[in-house]
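Chain lettering (A, B, C and D) follows the sequence in which the chains are written, and residue indices restart at 1 in each chain.
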Amino acid sequence: MLTIKRLDIDDAHSIIAAARAKATELDVQVCIAVSDESGNLIAFERMNNTKPTSVNLAIDKSFTAAGVKKGTDALGEVSQPGKPAYGLSSTLGGRMVVIAGGLPVLVDDEVVGSIGVSAGSPAQDHEIAEAGVRAFTENQK
Amino acid sequence: MLTIKRLDIDDAHSIIAAARAKATELDVQVCIAVSDESGNLIAFERMNNTKPTSVNLAIDKSFTAAGVKKGTDALGEVSQPGKPAYGLSSTLGGRMVVIAGGLPVLVDDEVVGSIGVSAGSPAQDHEIAEAGVRAFTENQK
Amino acid sequence: MLTIKRLDIDDAHSIIAAARAKATELDVQVCIAVSDESGNLIAFERMNNTKPTSVNLAIDKSFTAAGVKKGTDALGEVSQPGKPAYGLSSTLGGRMVVIAGGLPVLVDDEVVGSIGVSAGSPAQDHEIAEAGVRAFTENQK
Amino acid sequence: MLTIKRLDIDDAHSIIAAARAKATELDVQVCIAVSDESGNLIAFERMNNTKPTSVNLAIDKSFTAAGVKKGTDALGEVSQPGKPAYGLSSTLGGRMVVIAGGLPVLVDDEVVGSIGVSAGSPAQDHEIAEAGVRAFTENQK
């Protein structure tokens, strides 16, 4: 029998709030998704006037980060032409996203959920996702 | 050129908060989605320990209610066997949901967004969605 | 070798114009799609302020009518529970629509294209589609 | 509450007419799609004898340009191997198109819709899309 640790809805709200604060600081409007360790969405928020295609991109980045247990930025590196995971981005009907902005949330080295951010540059999305994860991790101490 | 009114993120949060309060009152854990008038998701929340299949059911109920500009319960009636819209439930790749729990949000008789609720009974989901819409409508006065 | 007759873009525009005129007469805003005999879209028009979910419903009704070489209303009858084609509506990833509003366009008893209409009641959509087909047929004489 | 500006059907017809005129000038047969700011199709036209696969390519280019609020040609640059958005082209079930030919339509720096063109070379599709946007923009003055 397994015992699984999973973000609850309050954790998800805290992560989104911290990510939103960072997005506001960077002056960029984004979509922010938090999923559980199984890749199922817990909470989502679209800031006003952001890109409509970012709705599912943010959800799919969080799905991917929970699913592969690493940041989506790491997938971008290993799936370049000539690299071992080349072709990864079109798997799972295209839900596997290999662009920065998705990060797993870890507790005791286990994935308990994830965050996905979209609509800024990949670097901005990554920084916003990091702010969400950091708020959770510091809160756990 | 058309001018369209659309729920913003604060509206979406208020609607979700009112729906969540009703769900808590009914002692049922649900997923709650708020979409804009075009069917794109604005905000989403999954209460703890609810059904994972309800994530997309709630999102698709809100997509449907915005898209058809009426409650998903009304679609259930007209799509019964022998009725004119029989077969509706499998259209749009199955995103068209004809089960109660999705409602449009109206301002001056125009759709500005929608709410979708899933995981309770259809009657509960409908009641929870109504609570979300009512909070918004009363707030507008 | 086969020789195929197919609606051209001018035919499609005439069909849409006649359908739009009927929709205006009925005071209903609809989406109107015209496809070729292979089910590929030739032309499409969404009247202002109509239902966003009707975009793909209209396209899929024209796809269906071209594909099965009969009106989508006829499919509704044969796919009722207990009838031989029960289950038809969920085939082809849900693109097979069994609700009135799709009609083939015939020349010398051969399908040369189709029209699909959505957003009114199924009866209205059917009447609007008929007006589109009639304009083409009378024009051929 | 947000207030959104959106192309209406007359705007869409004007944009398509200007794009068609440019395609005729270039002696290339294309598909032309105009979508609203949320990515939902408003109008579509397929010129005679063009490529059937271009139907959805044109629709998806307009979906993409509205969704990301920039030209699809810009996406091609940032999603090359080694670039930050590598892998973008397979997201959203493949509806995200990173090939030139999709452009947003702007009013006062806000996206009000988009155009997508397919079947010529990417450079031709881009030029045709530009002609569509230009006609609208000049008409607004």
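Everything that follows uses one rule, which is that a residue touches a chain if its C-beta (ideal position, glycine included) is under 8 Å from a C-beta of that chain, and two chains touch if they have at least 3 such contacts.
On a predicted model such as this, the values are computed, not experimentally measured, just so you know.
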Given subunit B and subunit C, the chains that contact each of them: D
Gap in Å, rounded to a whole number, between the CA centres of subunit C and subunit A: 42
Whole-Å gap between the CA centroids of subunit A and subunit B: 25
Cα-centroid distance, subunit B relative to subunit D, in whole angstrom: 31
Two or more partner chains touched - positions in subunit D: 2, 8, 38-40
All touching chain pairs, where touch follows the definition stated at the start: A-B, A-D, B-C, B-D, C-D
Complex contact set, residues of subunit C against subunit D: 8-9, 38, 40-48, 52, 55
Contact footprint of subunit D on subunit A as seen in their complex: 48-49, 51-54, 56-57, 60, 75-76, 79-81, 88-90, 93-94, 97-100, 121-123
Subunit A contact footprint on subunit D (complex, rising order): 2, 37-39, 63-64, 66-69, 81-82, 84-94, 96
Subunit B partner contacts - residues on subunit D that touch it in the complex: 1-8, 11, 36, 38-40, 107, 112
